[in-house]
């Protein structure tokens, strides 16, 4: 055990959970199950990026859907028009989101009031959505950007050429799972690093951190940039997974609501929270397909109940989650 | 939470996921439509229309399969108008429920564009509903082999544009519009329908020497058009074209247009055919030109019969979307019945040669792009004008029951 | 008149008051003594109902432990909070009228005139914005606001905090005159000698626990006060 | 095309749209000012107001004025219930500023869905309260729109009177200024909070009711107005009533002129950009006091 890095040793449950998730393609090749779990993992990474800003750094923003969408559109457009492989353009998307994140952070640094922060970030995300919706020549707006290439095939030793098209749900699953594992490993390492501890100190008390000589500006800027980078990268993965983008689906407020619900339900400020929240909500949302029109109601009620009775989320609710029937019950 | 819990949870979910698909002796038609979210109004109307078709077939004993008949089950999945949600639903219907026919998506073009990427992996025939994006047809045309099992049951978005262009040509010969091409202004909503109408109409009219005065795009369900109307009055274009998908937005526009005493030629696309529109807009519609005049339960006998039958069965207001939904399901069940088999290839073969009259027109697919054919015989976009409270078709001449009458000539 | 029986107070997971029992007889002026962090303000807030308590709070023999602060005002208890806490955006007059919030309209205007005569100097301030007044003036308004409710028990939390020496004397004179007029008063104050001189009875706290209670003269005569103030200096350093 | 007449017309259009923003923002600001809660469910009270009025008018067939009164009362009760169940318990916890935002976000989704179940997804509408066309300084306006303008002015004046000159209004201001001190004065702070929440919701509901004849009544109609109201309260200064009213009119005019200068599609973007510029230059908004640290 000593050989393992600290971040891995720190949360054995999370990592065994992630490892188990990676085994799913060995158990089933059901395209639907893989599709749903792939989406759940995408939302988990996205929620994790927001969780870094909100849960760890206390930067209570409501505009992360903008970074997700920027990553998605930048990657999709440069792959379509530049003829580059999504493996490359994905990083364009992430960097673009990170740059915008850093720029947005500058005015935010002056704002310490929570509602102002919430409203301004929401406004910013709406501006990005409107831009995207109106630049029809570039993005095709609400007509939908179609014809986005999937990730190009990779040559894997022992397996030959592995492709990631709509027909290859298992390989795509493994690809997204790798992104999830890498993101969580990175975040796990980050929040335990010196920088991570300073970030959390800022969350707990800006004044105290400031009085210790910590540069709030630098750390907030750093956190939001990293967080936007991650959101942009997963947005790009989403684009090359779903293959169609519309401003509403990749930048809409519904995305923000979903992300908030996932993070809060799972447990804000914990590494495993977004993953748990995403699995529980996505799987139960699929289960609730039969309930049809009232899926959103379940989302809303769940947010209210969690905030009222389990403000620390399911990740810290050992009692509830300890019952094995719970996860299966959610899927029913 | 222990490792054991994780395992149990994961295994439980997977087992549950695997256990659901069971075979039975019935014909399963899957439908992906927006049952919640911004387009839920349309989605729910479509669903009700489809249910009516299913009920009618089942009342007759079902569709022919092999020697006997099998009853039909409809399985609905919600897309929330979001591509990834729609794709998940389609995946479920195709791989888990193993439906014999998929209508997906019944409404949003963006969702249909996403779902059609699934088509090459499955043998099941897939048909999009009201999605009008030309991109869908172009993709099928460009790769016939890949998308041979994907069909598009609505015409392309440029149908409206073509109808409008031809109409303006007539108007120009009558001297009602400037001979060398005039100035056109758009007020449309921020949807694929709104955007594509602007693109198609302005492209066609520019070729005829027209210029675009302004394009005003408003959010979905927008209802305060006074700033736009003030601007239109200041610009004074020769023709104003509007597109909305909600009858409310359209009614608000027409009402406010009237209240502001606007005199320009105004053509409304899509929203006036929604039955609720006439009720909401009242007398303000007088003189307005609109298209497509497809569903008219007040005057067309076929439509009236359908509306009565549907109202009795569904106990709800019958609008164009209900009729559309009915026709899509009729199409699906007709081809299965004709194939007398649940074999996907047999069904696809029937789709290729289907020629089915329905409430909304005659359905036949263009073999070059698997798209519903357009024209006076098939689906069409007749232009009507409200004259003394009644919508009369004024174009194409073959169908016309009246001639264009300028405002104030009553 | 007011009794605390085994009162404990928690702020979240932290316990700040441990099993405090004490008695304030009618007509007396009592002071609460103790070093910083001893729980003096908390005792007053527990009396006024601004913090939830375990144990019992009795007022004229009635258990008021579960009554919210606003209801206790109606029973004749009035708390003047630390640092005045006026409604700074409103005029002094509006502040006073709010003090008489529970009185019927006619009685409230009458009471305003009475209070103005009870607290010298308030009259001239009535039209001014409370936020613009000096600390001493604000404290006068705060006391006047507390009196508006026609209390029989007046609780004053750190009435002299942050005041100029001149203002301290003015406020002290008002408190003394109210005490002489027969009102039951409980106050706390850092200055031990001044507190003992102003009061009939004294309560001594340390680290949230009651150390001693009794007539001010007795408490002042013993060395317990000195022990507490001197001793805790060391003990607190360890605890904090 | 930028003739003075055209500009005047656009300003007037902006004032009418802005009066609705003002009404929404006033309620939002009132809630923030009194209990420091950012109410994400405010738009749903706008929606409920319209639906209650529709039900009272069409189903119960009440005359217009009683129908409006019933709807307002209904929304007041609904809001008090929401406050009692979600906001009030959360305010007793630590760090409730974020949890109330999250909870009201959840409530807004729940209310949308309840409306969907109760009234269906169909777009509905109320008839005009008044018919006819009025000429205002050379501009044609339907009487209904003039009514909106007047109603909002009357309501805002009424609200100011309530807050300034009544015992209840003073109590609200006292609670807003210092809840603990207000309790020490005998003011039942939780009850004032609940009542304020209810009154603020009634303002939103009123906006929904008088707009009902000219907009689509549907379960999701509350989303656009709350985004506008957010912009307005930040523009005017959170918690400032004059800020909310003037900010509302300002936003309306900015938007109308934005349509004139650019195109409708950029209207929201223009408004949001103005917001971000204001935040940059003057974080407390146009009329706000210095912002307290969150």
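By letter and in written order, the chains are A, B, C and D; residue numbering begins at 1 in each of them.
By definition in this document, contacts are C-beta pairs under 8 Å (C-beta built on N, C-alpha and C of every residue); 3 or more make two chains touch, one makes a residue touch a chain.
Computed from a prediction, not measured in an experiment: that's the story for all the values here.
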Chain closest to the middle, measuring from C-alpha centroids that were averaged per chain: D
Euclidean distance of C-alpha centroids - subunit C vs subunit D, Å: 41
Chain centre separation (subunit B, subunit D; CA means) in Å: 36
Distance from subunit C to subunit B - Cα centre to Cα centre, in angstrom: 74
Averaged-CA centre spacing for the pair subunit D and subunit A, given as whole angstrom: 33
Sequence positions of subunit A contacting 2 or more other chains: 133-134, 293-294, 296
Where subunit C touches two or more other chains at once, by residue number: none
Residue list for subunit B, restricted to those that touch at least two other chains: 36, 38, 40, 44, 190, 217
Every chain pair meeting the contact rule: A-B, A-D, B-D, C-D
Interface residues, subunit D side, partner subunit B - complex: 1, 3, 6, 9-10, 13-14, 16-17, 116, 121-123, 125, 133, 140-142, 145, 214-216, 218, 220-221, 224, 255-256, 259-260, 263-265, 267-268
Sites on subunit A touched by subunit D in the complex: 60, 107, 110-120, 122-124, 126-127, 130-131, 133-134, 206-207, 253, 257, 260-261, 264, 293-294, 296-297, 299-304, 307-308, 311
Of all residues in subunit B, those that touch subunit A in their complex: 1-14, 16-18, 35-38, 40, 44, 76-78, 80-84, 87-89, 91-92, 94-96, 109-111, 113-114, 117-118, 120-121, 133, 135, 139, 190-192, 194-196, 199, 217
List of subunit D residues in touch with subunit A within their complex: 32, 38, 86, 89-90, 93, 97-99, 101-103, 105-110, 112-114, 116-117, 223, 227, 230-231, 233-234, 238, 265-266, 268-269, 272-273, 275-276, 279-280, 283, 291-294
Complex interface listing, subunit C residues touching subunit D: 12, 48-50, 68-71, 73-74, 78-81, 85-90, 94, 97-99, 101-102, 105, 145-146, 148-149
